[in-house]
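Before any comments, here is the structure.
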């Protein structure tokens, strides 16, 4: 049984030694370990991939023992994930279908190890794709008037389906704190620029106007500050004066698909940790 | 004899045909032609590499004939360059030496087809490198009090050495309009970020703080708006949480060197045209 | 009406002038022109995007006039394409679905301006995807014994559906001359390595064994020499010692999708010309 | 005092725990740890950056204790490096100067933390650069006849200057086993292609002939099989039909410089381990 442990705590000598000894003494094996120290904040981060014998391993008693003997003394924040549970991912979309097709294609190939209980949209346009892939589709329209009610409806759906995290696959609607507070660092957005350049609306138009020679895409966790959440993944491609805005949009689609898919995979493999509005990515 | 012709004018049917026929009828051969139409502004751009027989070719009479028969009727702005003249490039530096070493190394290898009449700095620190390469070095210190006088000194040097264009190779001093007006679109700067992100001072520090996963460098023509001139060339490299600001700076140095060198080469080969604060790069 | 003209001929002075004048004199406008001279072989290549008034334009008479007055005297090989006709593309697949999903997703979004009359496979596995997208699927199994018959069946299907070009979207079966001769430079393959490295079977395994730090994908026209046809497009991504062969395969999938899609788009836009087993790509 | 420890041994449960506990119990602190398991060969690799109090730390007694209590029982091969010693690097060159200029520029900026006791060449051409930078230059000509004697002369120089590793900065002479055996995995070469493509002579010419759309450079440790040693670093850049062989060479120079410099830095930071003709790079 594979168990992933994520730890962060004030940096101090001896953490690695203590943690690995503890795991070893509970008949676990450290398969892979990665760590990082943020020297500005003096914070230690560690991700461990461990193997335990499923027959002997009692997750609850391990948790309690680790909490009592290690986590407390080092003032750790820590989480533990077993690979026997598949995370449940909700997909939020609007009218653009390229990220949706890409993610569903990857899901069908077994590349994305998640369940997708539903696709939600503020528009009905992409229902046919959900149908194509046999995934439930919920149309929750948004307007100035119905915002509170629509958000309540979203939350009801998310809870009813035990959603672990949300992916905004070009969802063109600002997500409010009522959702963010329930899913902190668990809402992944794709923005179509290399942030912090061209935050906000119409980044390809802004990039064209500025005459940049590269365009990019950025995947980040959603916080209440629009396009300012912790960055998970970015990538860019070259453009030139010969490209129109339509070319930027078309080239950008490939970036958006790949950058979003990479970010989701990092999240699902528990390779992301968030601190001070930045990410530690154990890739 | 190789002659490069750069043209821009309002777009209209028949320009390519007229221009190529004219060159042909003057015993020239079009070796390479590149063109672009800016559809927003309806402006036509063209760069021609042509071959003329040196013995028969009279540049002045060609110019006059082209101006009278073609340029006037199409309302062209145009320039003509012969490869028999090497452009004169002045290097402005401060204390960082990586771009300076890189450019002088390229110059010594014959990769940069320019003359370098002098290196100018607001600090004396890099004089030893100028000495190493046998290039005159002028120390023109800057302070709030002596700005006007220092700029006058710079202009005197630039004129005395018949400088064609200026390269700010990490010159840490804002260049004012008194210089920019004399060298419009002929001052090339290297900024150590993927503009428009992180304009202004300390871009690596700002990039580190924001937690970006790519850093970049941008070479642009200097205009009176700081870091907002027409972009010539940009490139980026990936970074991660494990990199310190010092790592950003070290990785960035390689970017700065390459991006600046590429921009200079494009400028020297007359492959850049500027319009509406953007560049057309005929690469 | 947009007309694309592709020309190649022995290099000679005056070609651009003659061709553009001819188009102009037939009431056409050159919207975009790109050209190239292969100096080793002294061959001139040109691609023109032109605009003609649909009402007055007679394609056949234009062709005849161009052939008689220009093409003959310059010994040109040339072709003309109108944007009123959508090319017909056949997709050949085996068991891997990532390229298939990607291409069908792009097709549905309107990004690929082709018709897809059918999908053909030597295995029945991916029929469900063809069904999902409502595209006819033909299962043509291959064995040592039935090769000739299977190839005849393929040719019958290709002719019956007036196929213009074939895309091997990870089709794991060698295509023989009986097909190649009918579709010269019109069969596009995706190979999962940066050719010429790791030609042949299992390139990801070979790349892993060699310990390379980058892996790639290559799209090329199929010729009778396996993996040695003219390269249309290549791209790479970094890998490290920490990646398993499974990681190479997973990362490579994204490359394969993008590199194949780019090659198809270049082909469809008539931006590729083949000469001496190399391509000229007017991108 | 910073101490780097490199370990490899058969994989087994408990290694990380044992090693970190040992360091901790000797008043050391693990600043950074990276590890890797080669699952094919069942080999465990680890690199530790540790801090010891210089006053108390006795390197020899630490070594003996570690060897006796840890290394023996796990059958480790291991090495220990202190940051108080700067490695001595010999530069071998021929006639191309771009890598030499680049490395000496980096050395002068303090970016390369090595001593350079001498530059050696089979040609006298680059002596002027050695003079420029005040580094001794030895001209050791090679011919079929004098090979043995020349190699002996090289070895004498290398020993006399206590050289730790050799960098072939475009040294156009095959290095024989007489040198390789004395400097196993301590001779770094730069090859101007993305190996394994275009091994051997004239890779840019071969790449041009094949019509590839990317060219590359590869830095590797030298083994007796030409261009087949363990790869340390690779990078690529795009090229097109419009580039001549001269363009390939010019673009490639930038790649060569950067790829070689990166490889040297990884080597100097003790971030490379070699196994089965592959590298583990703890970057």
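Here the chain labels run A, B, C and D in written order, and each chain numbers its own residues starting at 1.
Throughout what follows, contacts are C-beta pairs under 8 Å (C-beta built on N, C-alpha and C of every residue); 3 or more make two chains touch, one makes a residue touch a chain.
Values in this document were obtained by computation on a predicted structure and should not be read as measured data.
Set against one another, B-C and C-D show the most C-beta pairs in contact at C-D.
Relative to subunit A, the most remote chain by averaged C-alpha coordinates is B. Inter-chain centre distance (subunit B to subunit C, centres taken as mean C-alpha positions): 38 Å. Put simply, the C-alpha centre of subunit C and that of subunit D have 42 angstrom between them. Those residues of subunit D in touch with two or more other chains do not exist in this structure. In the complex of the two chains, the subunit C residues touching subunit B come out as 13-14, 16-17, 20-21, 23-24, 29-35, 37. The touching residues of subunit B, when paired with subunit D in their complex, are 97-98, 101-102, 105-106, 108-109, 111, 132-133, 250, 253-254, 258, 261. Chain contact summary for the complex, subunit B toward subunit A: residues 36, 38-39, 194-198, 210-214, 216, 230-236, 240-242, 244, 277-281, 283.
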